[in-house]
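What follows is a pair of complexes built around chain A, which joins chain B in one and chain C in the other.
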Partner chain A sequence: MIDLLWLVPVLPLAGAVALLAGGRRLGRGAVVATGTGSVALAFVVAAGAVTDLVANGPAMRGVEVHLFPWLAWGSGSDAVTVAEAGLLLDPLSALMILVVTGIGTLIHLYSSGYMAGDEGFARYYAYLNLFTFSMLVLVLANNLALLFVGWELVGFCSWALIGFWFERKAAAAAGQKAFITNRVGDLGVLAALFLVWANWGTFSFHALPGSTLPGVLDDPARVLATPLVALAIPLLLLLGVTGKSAQIPLFTWLPDAMEGPTPVSALIHAATMVTGGVYLVARVHPLFDQSPEAQLVLGTTGAVTAFVAATIATVQVDVKRVLAYSTVSQLGFMVLGLGAGAYGAAAFHLMTHAFFKALLFLGAGAVIHGVASQQDLRKMGGLIRYMPVTAWTFIVGWLAIIGVPGLSGFFSKDLILARAFGRGLVDPAFLVLFGVALVTVGITAFYMSRLVFLAFLGEYRGGSVHPHEAPPSMLVPLVVLAIGSIGAGWVGIPPFLLGEAGHATVIEQFLAPATLATGTWEGTLDHSTEWIITGLSVAITLAGAGLAGVAYLGEGPISPVVTELVAPFRRLFAGRWFVDEAHGALVIRPLARVASFLASVDVGVVDGAVALVVAGVRGIGALLARLQSGYVRGYAVTMLVGAVAVVASAWALR
Partner chain B sequence: MPGFPEVVPTEAYLGLSAVLFGIGALGVVLRKSALTMFMSIELMLNAVNLSLVAFGRQFGRLDGQVIVFFVMAVAAAEVAVGLAIIVDIYRSRRSVDIDDASWLRG
Partner chain C sequence: MTFALPALDWWAIAPMLVLVLTGCATLVAELVRGDDAGRAPLAWLTVAGASVSGGIALGQWDDPARLAFSDMVSSDRFTLFFTVLFLVVTCVTVLFAFEQLRREDFHPGEFYPLLAFSTIGMVLMAAAADLVITFIGVELLSICLYILVGFSRRRREPEESAIKYLLLGSFASAFLLYGIALVYGSTGTTSLACVGRALGAPGGLVGACEGAVATGSVATGMLLAGIGLLVVGLGFKAALVPFHSWAPDVYEGAPTAITAFMSVGVKAAAFAALLRVFLVAFPTLAPDWSVLLAVVATVTMVTGNTVALFQRNIKRMLGYSSIAHAGYLLVAIVAASHAGAASLLFYAVGYAAMNLGAFAIVVVLGRAGEERVAISDYAGLSQRQPLLAALMATFMFALAGVPPTVGFVGKFYVFSAAVDAGYVWLALAGLASSVASAYYYLRVVYQMYMVDPKEVVASHSPHRWVSLVATVAGFAVIALGVFPGGIIGVATASTSFVR
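Right, the complex of A and B next:
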């Protein structure tokens, strides 16, 4: 099936083209069938291709499909191929295409219920299909240039879908914010691409057939000759990651992106697109392995983002915003894993997160759908009695994300913690980051428990709105994702829990051909240390959840002493650490000032020069117009005087 | 007739021509009536015609006379167009005072 790999991105593209061209004339059933069917077919093909890949054995786990030369010119000995349109299927991209098409199919199906009454039904599905295509290009590209095309295309689709309800001003503004914020990050990626071209002369990850040039990933050490470049490339890529994967300082667009339809939040802004940055780093990790400094910056960014976003999530009252900050926080965990050099662990968490966060978002969508578009947690409560399937699947997602032993989040999160700690043994700074991450685990347990307690337990506070359960088209994806949220982690059960030797999990071994760090770091911990880390994280999780229980399920008022104590923190968190304000003061307003200065230069100097020429011409014209008195006799005198002057001068000069 | 030369010298024709031209030019410049100006222009044209014929006779060639015929033909056409314009101005303005027809000023 690997020969058919090209069908994986092409099928959703065909769906998007068909829907864009003829979507208005199709019935809703046909739109759903085209949109969902094309992605589901892509999933089948992807699954077949991955099955073949697995059958190849570990040594052969990297297959390239060369489609056609894309950026190429010249012929014969002068031929230059900058980049070809080619696909790379290795364990990492295999994992990604399964997540994108698998979870994508479920979310397409769910959307048929969620978007049922919407005017732009066909447009919605067209964009969703186009996004799926773009994401598949991003993860399947066999070179950086094509990857960047996918990278930009997903950004475009994100913009189109955040602003899907563009009549709403907030939605349109959120779309613009997401797009512009991502431009800042994309600038970094673009600059990194230029540096790659300057140093390798190719964008290909691996050498092209018949070419003497080694691929970027074949020869990552080439760049070490110039230490500045060796540091600059990963840092510039990191800038792209902070944009696409919503890390500090560029994370503020993601919570605003919740203005889009909820399934879009689930697919693009939780499960797939925002993990693009994580994927990018994992894909080109040999470049990061060259620079421990860049890795430390990466890890710090991740850990701090995880912590900051988690604290903000604790005070949000909009159910989707809690999940949005949670996504930022979880992406921070992944980036911490990347920084620690545990690319496999980060990819593993990416996968489990895709399951449980898609589940949580779709569950939140079902709740919002069931309570007449109410998103305020304070107007929910007790929903478990009205929508049991939604509630129970949501509870599964909750248990998975906070890391209750046995569910997927437990394995992937603890793997990242363990790897960060292991890195800390050779690089003590990572011990601090490990500590931050451990605290964040507790905060995660707190805000997610708060969300569940406020929404599903206690008394219903929604007044006259009568909550109802979602239709089956929405419940089926919830149940499937709930099963995934439980089971997806079982491919990463650490050997110490199974009583086996070694420390690499099954998923890490599978991903190793693509993600094994090329540095010297081994990440080995003895089993007793791993037990302690896991025990610690479970204890902190339970403490966080318990605290939420005391605060939000307890009878009677909370002591004023406690309220007083947490008040300044509440202000800080509710103000979202004032990152938006910092952006405004440090970037946006100075830029606006420069822009308004330049605008005044434009008006004053450039336009002024033009106006001056115009005024000059006009003045001369007005002067000359006086001669045109309209009095014929005046003209006659002029002519006469002129004639006399001519004759007189001719006579004088004879 | 004794005391008079056999042939009137060219200078006399040119002098008369100059006088007629001057009268015409002054008429164009000084008179306000469009019709009078028109007649003055005719006077100037004919003054030039006279000098052309005089030169033609002096040099014994017909070029001067031929040009005069051209001038007369053009003058006739000019009269037709010019009078039509003056009549039209009179119809719209009830006046042939040339200073009233100054609405083409810049």
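Right, the complex of A and C next:
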């Protein structure tokens, strides 16, 4: 079915076009059938194609499907294709299309219940389908330029879907913020794109230096031109990653994006789009492998983001914001894995996270739906009695994310920890990052437990609102995702837990043709070290959860000494480490000042020049000046000055 | 005594001749018909003339490239490419103006002929094989524009901006003429190809170069001053910084149809002339002028994109936006390569689609006596006119360079030509400034989709032709972004004289 791979993105696109064209004329049933059906069909085709790919055997697991030449130079038969519209199916993109279409189908289905009462039902589904198409373009593109098209399109869809409820001022503002912040990141990707072109004259992933994809031209001449460029390209890409995958310093848009509908948060701002940055790095990992410095920056960004976002999550009272910061934090784990060169482990965590975070968001949506759009944790409590299915599936998600042994998060998170530690044996800085990540595991257990305890246990604090369970269309996806959140990790059980020799997990071996780092560390921890790391992380998880239990389930008031002690931290975390303020003070306001200076120059130079000229020639020219009208003289002076400057620099610059 | 008439190649300038006839016919027709009843026929007469002219140009596509009229004009694919582009822009302008003339009670009898004659000026600028013809083209275009810019009789601002444009335009023409004189003084010829040959450029279409002084590819001071003054003169028409001061005022004050015409057509004509002059006459001096133009391009992109952030009037905003786009186009000339030239032609087409589309929406939303050009007038448009809002959003995203629109692909071509020519820093500067541009384009979209309408406006039915233009432009913006191969192929074939 690999020949039909083009159908995977085209089906959701066709759905979007049909929904946009049909609009309000379509009934709700038809809208749901078109929207969900097209993505479900895409999942079926994707599954068929991936089955064929697996049957190919490891050496042949990189298949390109050429559609049509896109960017080309020259005319007629002399035309040279720069970037084609072509798809690449390899283990990495296979994993991604299954996640995108699979989880996408569930979220489409869930939306039919969640958005049932909304006016713009067809429009919502059209955007959702368009998003699915864009994300599939991003992960299936066989070259960097086409990937960037998907990269920008998902940003556009995200903007449209965050602002979907534009009656809410905050939603509209959040959409703007997300788009503009991401444009800053996109600048990095675009610049990297041109540097790649300038250095190798290609955008094809196959032809990148050091590509491990099967069938690569292994040309030793394709090494990086200069050390500066070798460092610049990955760092510029990293800027894009911090935008799309919400890392420091550009992460602040993601929590604000929670103003959008909850299924959108689940699909775009948890499971798929925000992992685009992680996917990008894994996709072009040869460029990162060549620069240990860039890898260290990447790893540090990830670890610090994971830690900072987790601390902020501990003081949030809006259930969706807790999950948003949790997403930022988990993405940080993935980026740490990328920095350690463990691309397979990062992709594995990306997959398990897609399951449990989609589950948690959809569960939160079911809660919000059941308590009359209340999002404040302080007004919930005891919901397990009113909405048992939602509560129990949510608890599965909770256990998965904090890493209780046996559930998916346990395997993928520990794999990243182990790989970071292993990298630390070569590059000691990673030992520090490993430590930060380990502490973050404890904080994660704390804030997630807090969330569950406050929402589902204890007494209901919502007053007169009577909570009710969600409709079946919303519960079915929850159950399916709960099963996935348990089982998705089993493809990554480390050999030492099974008592087998070796280090690489099944999923890493599967991904190896696409993600195996060349020339870097390949995993040489002995099994006893791996046992210790796992033991440590489980112990810290239990400690974090236990602390949350003491704080939020315990009887009686907390000692004032403790309250006093944590107060400054609460302020720091509640202020979100003042990153938004730092943006304002360090970037936005200075830039605005420069821009308004330029603007005033554009008008002011004219006035200034006039004043100068007038002052200079006042003696003889007073009469002359009076004869001239308005601004024109000023414009003319500008031109004259410009002309002199141009002619002078024509001499100077030759 | 026999008087030998030289064999004139009338066919080579047939598209222009048709336009001359069209302009004269509209003048006469207005006299014959007299009153306002002639409005629609005059518009259709102009469109018909432009269509015939364009049809001839398309028919000449496979004719051999040649010089005509004593080596004064080139009849080649470059000329034809721009001729067709200008004619499309002119037809669209007629459709825009038709709506506006009715609304604002303009006098059509002068409007359409002036438009036809200014189109001839633009074609001459693209076809010029001699600096003298370049100058004549610029003047023909400018003099028609001085009147068109001030065409609105009801309001005072248009008159003011017309006077400004006239004064500054004359100033710029003097620079241009002096530049031509200095080039002639240095090389002994005004023929572009002969100047090129004198400076050591290889082959190409060259006529008889009597009097040309071969100087080799070493630039004298006088020649460099001449080149600098040519940059000033043509840069004024293209609205390059620092010769742009007139543009925002004029764009704001002129009737919207003329603003659209200027920001797309006149700009393209100026760049056609710049490309011909710099890549036919001065290719061997590229090391001397490319850094200069790169600096001008950077300043233009940065100024256009930052000052646009502060505009509240959509025509002014689009004015600064078009300054920024002039900067992108100049990047293509800086590359001084065949790829760069082809990318310029591609960008000109893409920019025409995006910008004409955006102006179509501005025209549709205007009403008699009130143009409704504050960006806040677009508040809640998506609720009243969802299709128009969706089209406008498409144009704004395209102008911001978001894929998969032609705005992205065009920038891609232009900047990658610059990168290939070694101007990585210029491409990065362009990218950075285009990122800032997203903010002001998006503000329009924000108003349309995320702000409630201020007032309840009676939804008047938009003029169907202008809406048609917007729809076609919307399709073109997407289609050229997904399938750019056709246009880039034609653009490459049209610039084969560049090496």
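Points worth noting:
Following the convention adopted for this analysis, the second predicted complex is superposed on the first by the 578 of 654 C-alpha atoms of A that agree within 3 Å, B and C clash if a C-alpha of one lies under 4 Å from a C-alpha of the other, contacts with A are read in each partner's own complex, and residues count from 1 in each chain.
Everything below uses one rule, namely that a contact is a pair of C-beta atoms (placed from the backbone, for glycine too) under 8 Å apart; a residue touches a chain by one contact, two chains touch by 3 or more.
The structure presented is a predicted model; accordingly, all values stated were derived computationally and were not measured.
In the superposition on chain A, A:Ala636 makes contact with both chain B and chain C. More residues of chain A lie in touch with C than with the remaining chain of the pair chain B and chain C. In the superposition on chain A, A:Val647 contacts chain C only, with no contact to chain B.
After overlaying the two complexes on the shared chain, residue contacts for A:Leu542 are found with neither chain B nor chain C.
Shared contact residues on chain A (touching chain B in one structure, chain C in the other): 629-632, 636.
Chain A contributes residues 624-633, 636-637, 640 to its touches with chain B in the complex. Against chain C, in their complex, chain A makes its touches with residues 68-76, 78-79, 82, 85, 145, 148-149, 152-153, 156, 163, 166, 171-172, 175-176, 179-180, 183-184, 186-187, 190-191, 194-195, 197-198, 594-596, 598-599, 602, 606, 629-632, 634-636, 638-639, 641-643, 645-647, 649-651, 653-654. Of all the residues in chain C, the ones that touch chain A in their complex are 160, 163-164, 167-168, 171-172, 175, 219, 221, 224-225, 227-229, 231-232, 235-236, 241-243, 245-246, 249, 287-289, 291-292, 295-296, 302-303, 306-307, 309-310, 339, 342, 397, 402-404, 408-409, 412-413, 415-416, 419-420, 424, 427-428, 431-432, 435-436, 438-439, 442, 446, 449-451, 482-485, 488-493. Residues of chain B that touch chain A in their complex: 25, 28-30, 32, 37, 98-99, 101-106.
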